[in-house]
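What follows is a pair of complexes built around subunit A, which joins subunit B in one and subunit C in the other.
== the complex of A and B ==
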């Protein structure tokens, strides 16, 4: 459409640059990957690469990795990483896999950006849509985002979920609902929480159907999509069952996210809350926290019905704040989608504040963690306080983006209000 | 007549010293105290009490020497064989040499319990185990009832039954350990109550909490096992053992004035053989050859003999060279054993026995090697420690040294770790010290595979089960092997921390069972591995990250506020209508003020 023309050479250059940068970090700084793998901001109990290696070791030695408290990741990772040459002898293959996954995510993001869905969806066209960044810029912003690079170097398995989510959106945008549902099923299978993205994704896919084979009834379309997801997830479960020989992977992978039995510190709000929670109220608050997380899906999907991609973006931002084990890779995914809304940035009110808060928390988080765990001169409240700041900063950004998008919609009805002061009643 | 009897005793004596286990089944109750001076003015005192009851009497509930309280617990919990240990301190193998009883009668710091229970299913075994630990907890005044699922393991290779069992199929071995338990005098009192003479007569009169728990190392053990002699009736044997290493200097301090003070300079025992540059300097002589008496060390003398004990077994034995002179009170008969290294003493029932080991004569002192029997070199030295820093992750390193120049040592290394230490088995590595670590990947892999023969691993489950790790490995002659692995410390719920959370959490000692090389050839299918020697490492203190215990309310309020801010902010934007700043109804403060003005006007008007 109207994006800047990108030559194939430029595309290849971007991907090659990102790959070479990552490969250089892997090879020139051999201590850095293990250091980053150990960081709580990058590796959570459900995405840690070290835990994956332990699970793999147990799997290869015929001990069930799910009969223990260490491995909480999806069973299909085990054969995938067993097929690769052993990490201890030939780590380069693992590095290449992670780099390839990052590049795949970037290409999906590029597709989403080039479709122009962010500016003009089927039901709504923004008057500001001309002001946008090309897919090249958005993919570059993703690939060279320090959070994305740190996640890739830390070899967190959340990159696979990120890739699956981005592909699900890209497929939905390009009018392939079936592919979108399969990709979403994979994402849900790997991390469970992407299942909450189903309603907006179905709407997005419904809006962007190819006219040649469009289904008229939204209800019928939704039912087919839901059945597809259920079917693919069921197949994945069955394959996992055949691989591990029992169903005990279900409580060990998804049960841990539901009950938060592993209270390892992370960037989120759950861990310290449930450390300090009174035992008799633990289950109640677990239910409240999950209910809270899923409460946004319905509200956003209904209110911003005309722009399903916005709903997906906002939900990903909310998940990066409120899911049980968030890490900076979730923030990286949200920050990858935010540049799609270049056209509403002038309507945002607190860009400087939220950017400053996020930067502040990024710098102070590791320092405060060090003070607590290693130096012993601070206590747990230091790191807890900085996670509070980090999450407030992110929620400010999400709120602000939501406000900007809604005002952009409203200004179509009231064109005379552009640039005027407004309020909400 | 009396003289004839004593002659008879003496003739029997040699028989008993050589074949004690066999003869044990014939008579009913034995007790013996073995004293062995150790280097650096230490003294090892081993008390051993042993009694039997036939299985048929046991079933009927007729008890003579076997303690009824314990027997009823055993019957109720279906226990076939029981081993209970209360230990304190560290055995200094570098100085003291091999452990008494080849390590078979000692435990790691704290309380250790393992038992073979009669059970067909795991649930039945768990139920009986719960019964057993709770009953023993009451009997021994120890927190044995805290041996729950997270502290119980089922060792696969490490422990083998000591007794003779006809049907091994329906027996289950359970092992529990409480490394944090402080063993003290409240555990000694019930221990002595189990003895037929209740500590009122015989060698048990020496056992006093003040001295026992003041020792450098002590281990109280109770072992109950069925023994079936060939052709005889099966008996149930209870063996109670107390081993303690006393620091002679420390024990000799008077009770009223226990604070050590340096003696005046003229009383310092100086080594006169050294040259001095001035008369006020002094090189202290080795304190090895101190003189001591029983009453100085134990605070009392042996009050006669226990009348129930087998009179043929000498109650006190001392292991020193025959060349050294030993003074005893009268009516105590000394008998030197033919090995030239030990002598035993018979006491008449009403005599108080006092024993004095004087400082050797000057001629002997010159060759101080003969004054103390050289310590036997143990088969293996083991040391375990934590590596790394910080409260997030760490490593465990065990240094295993084989002192023998020509014999390889094969053993089973068992760890039972708490669940909050998440170990990464893929990081486990065994390497020989002389080799450079990480020279390349293949060499470390080959050393791993050649040193470690078999691994049994049961990973921990959060809040339900601890880690169980058993490694069968070997150490080549005259070499040192480092066994290392990484672990991660998990953070607990704040109610799961003990009151002294920042002290850290005790990690139980690793149990190392050295396999008997003579039986290794016969073993088929990994069964019946006889233990030649057992040793335990020290327990470790693992510090976990702690939350702030003082502010659960604050955290709940802060987090809830953050969530409410985000939720409220977002839904506020979602549900409200946009209007221009000057449109729509007035709201907020302005309306309130207008209302207030109207009211004021109304009042005035």
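== the complex of A and C ==
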């Protein structure tokens, strides 16, 4: 829209570049994918590709994939991956699938950026909206983000969730509430936590309805959306039940996320806490952590009602910090949406600090993990400390973005205060 | 955990700058007329803030509180505490052992026998000072030659003879008493030498059992009126000694027979045959009280802990080379009794023989073996150097020693014939188990009372009710094998209930610890929540009072 017209050739070039880069890494550095698959920062118990292969093996041998207690992912992955030629003989198809999913995510992100929803939503128009990046830049920032690339190379199944969430937002922005709800159902089915995005997503879809067939009543619209999600998820569960022959997958996939039964270290804050927890208080604190995670949904949705996309972005950032099994792919999703808010970056106060902290943690995290697990010269506290720093960096970014967005809104009401120093009470 | 706060802070407190300052500050700056006055908050902003605070509090109240209640309430099954305490105080059961003794007097007239029985019973009642332990005489039908049914513990066979003598039948619980013909009391006499004699003999026979049981009762918290009076201190000392020597009661004992030799020979022993021949009969008669499992081992080139040729009393305790000899403490939970045959020509210094090995009759055995309390026996067997095979014959003396020590280790009393000793053992064990189960119940009840925050799973309640059921049955049938079986079940159930795993873990968890558990996380989270709510309530009250003022002003107009 603004100046930089994107030619189809440029688009194809971006996608081709991203695909070639990934393919090159897959083929030229054949040891790297397996190395990254084993990294705790990329593969969590609920997204690991290794565990997927284990489940796949059991599934192909007519054993329940959840029998080994290793596989905690959605059952629908199994037929998808068994349709592909075997990974051990022809890995290229798996690589192509992952690359395609990344490109699909990028195209959804492109759509979101081009809609201009970030700068001017139905209820609010930012005075700074002119200053923004095009969809091309934002898609490129996503595709060439090292976190995204590492997730793709590590073949974490969270890329499917990322893709579904981005498509849900893209559909909602482009006035297709039904498609948005279906995409969100898929995301929730795969990872459960995206279900918490439902309220802001419904609001976003409500605000961006096509005038031709708009539902006036917000309550009715919300009820229809919620019913759609429930229906689609129910169908997905039914299909999973038919595939695996039992309801065992429910405790093995969602139950593991709810009860944190696998305490493998990861980039999040939960595992260390629950290693130390008294057994008698474990269930209580599990509930507290989950409630804490979900308590932001209501408050943020009410507070930033006029910009639902901001709420979605902030919630994704919060989830990347406080999820039970977060990985850098969650951060990659959050960082993919942050550039949409190019126009409020001048209002942010700690961009340098948060960027530095995130980079610092990115470098030191693997080092500390190595010290703990392989060198044996550190202990679990090393790694936990660096995950604290990592999440501190992310929460700084989340807070700063929230502050900037709120200040942007405020300056519309109080034009005389533009550029003045303000104090946060 | 402070890291969790920033987003929260941002969400709630950044309302401040956006919505301007607090409502009050607008008024103040108005009055000062300063340039940077903040306009009053818009009603929509106020409402929105209430909604935000409400959304957080709704989650806390509607989800948080019920979950907190559900996940942290301690499940306490109802225990019949008073009944349990009654059991441990001995109020629920008065241990009474009615012992029936049948008298066989085939040579006597029915009436004479009745008279003798009456007089003897009289004499017995005079002698008895322990109400829990009755000896009841009854006349056996003269025709039955063997013993008069299983309910009588002893049969008294009165046989005419030259003098008054007493003899135990070695295979059956029968006491033979011969009497001179003139000793039969006349129907009218109120006392008789024979009756007194018989009563004295019976009393002597059961004296040890009586003393043991009353000792058991006195060491437990049974009210004193149930106990025998005047248990002399040396009797109770010897009983205490014997109790400490015997193994703790267990339903199963594991017997380990080990052959240790200092050289390469002998490498083979016929222990199977020897056990079958010399020990099996005793194990069989002990089987209603205990189960036994057996294993054997041979260890060559075993060096004892003491190398002296003559072992002194002090050496005996360190003879076992615990570091090198493979004597595992226990296999499969059952306590192990070790029987060791050590091939060597060491001898035990004779002066040290008396206190440790008190119960074997033969001095030859005593000088070769000694008993280690609650552990087992060591037997020194001298052999010529070229013996390669130990026959069952050669193992006879060691195994007989082991058998007698096994009886001593299981706490069998030492006087009387073997059948009598065993039936006494079963009664002592019943009493012991009954008391132990009762005191375990009492401990559990006191624990439940002392720690109000300990959880009591339903399994514990089940175990307690089962224990009490079997205790009641055991108490009603004390003295017989049935009573012993019930007492065994009761004791096992009581132990299981007391050592319930989920309770033991929480044994010490005072309420102060809960503050340390809750506060580090919930404290920081609660501060913004509570402060937000308080501010909101304050603002709401202020608005209401302002509205009331405005209303009054209108009225005045």
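In this section, the second predicted complex is superposed on the first by the 421 of 425 C-alpha atoms of A that agree within 3 Å, B and C clash if a C-alpha of one lies under 4 Å from a C-alpha of the other, contacts with A are read in each partner's own complex, and residues count from 1 in each chain.
Keep this in mind: contacts are C-beta pairs under 8 Å (C-beta built on N, C-alpha and C of every residue); 3 or more make two chains touch, one makes a residue touch a chain.
Predicted, not measured: the structure shown is a model, and the values here were computed from it.
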item: Which of subunit B and subunit C A:299 touches, first, second, both or neither; value: both
item: Partner chain in contact with A:373 - subunit B first, subunit C second, else both or neither; value: first
item: Touching partner for A:88 - first (subunit B), second (subunit C), both, neither; value: first
item: Touched partner set for A:402, first subunit B, second subunit C, both or neither; value: both
item: Partner chain in contact with A:359 - subunit B first, subunit C second, else both or neither; value: neither
item: Which of subunit B and subunit C A:291 touches, first, second, both or neither; value: second
item: Contacts of A:280 with subunit B and subunit C, given as first, second, both or neither; value: second
item: Broader residue contact with subunit A after superposition on the shared chain, subunit B or subunit C; value: B
item: Interface residues of subunit A shared between complexes with subunit B and subunit C; value: 269, 278-279, 292, 295-296, 299-300, 303, 318, 321-322, 388, 391-392, 395, 398-399, 402-403, 406-407, 410, 414, 422-425
item: Subunit A to subunit C touching residues, read off their complex; value: 269, 278-281, 283-285, 287-288, 291-292, 294-296, 298-300, 302-303, 305, 314, 318, 321-322, 388, 391-392, 395-396, 398-399, 402-403, 406-407, 409-410, 414, 422-425
item: Residue ranges of subunit C touching subunit A (in the complex, touch as defined); value: 3-4, 6-18, 20-22, 39, 48, 51-52, 55-56, 58-60, 63-64, 67-68, 71-72, 455, 505-506, 509, 517, 521-522, 525
item: Subunit B-facing residues of subunit A, complex; value: 38, 40, 50, 53-54, 56-58, 61, 63, 67-70, 88-89, 261-265, 269, 271-279, 292, 295-296, 299-300, 303, 318, 321-322, 372-374, 376, 379-381, 384, 388, 391-392, 395, 398-399, 402-403, 406-407, 410, 414, 417, 420-425
item: Contacting residues of subunit B [partner subunit A, same complex]; value: 389-393, 419, 422, 424-426, 441-442, 455, 457-463, 490-495, 545-548, 551-552, 555-556, 558-559, 562-563, 565-567, 569-581, 584-585, 587
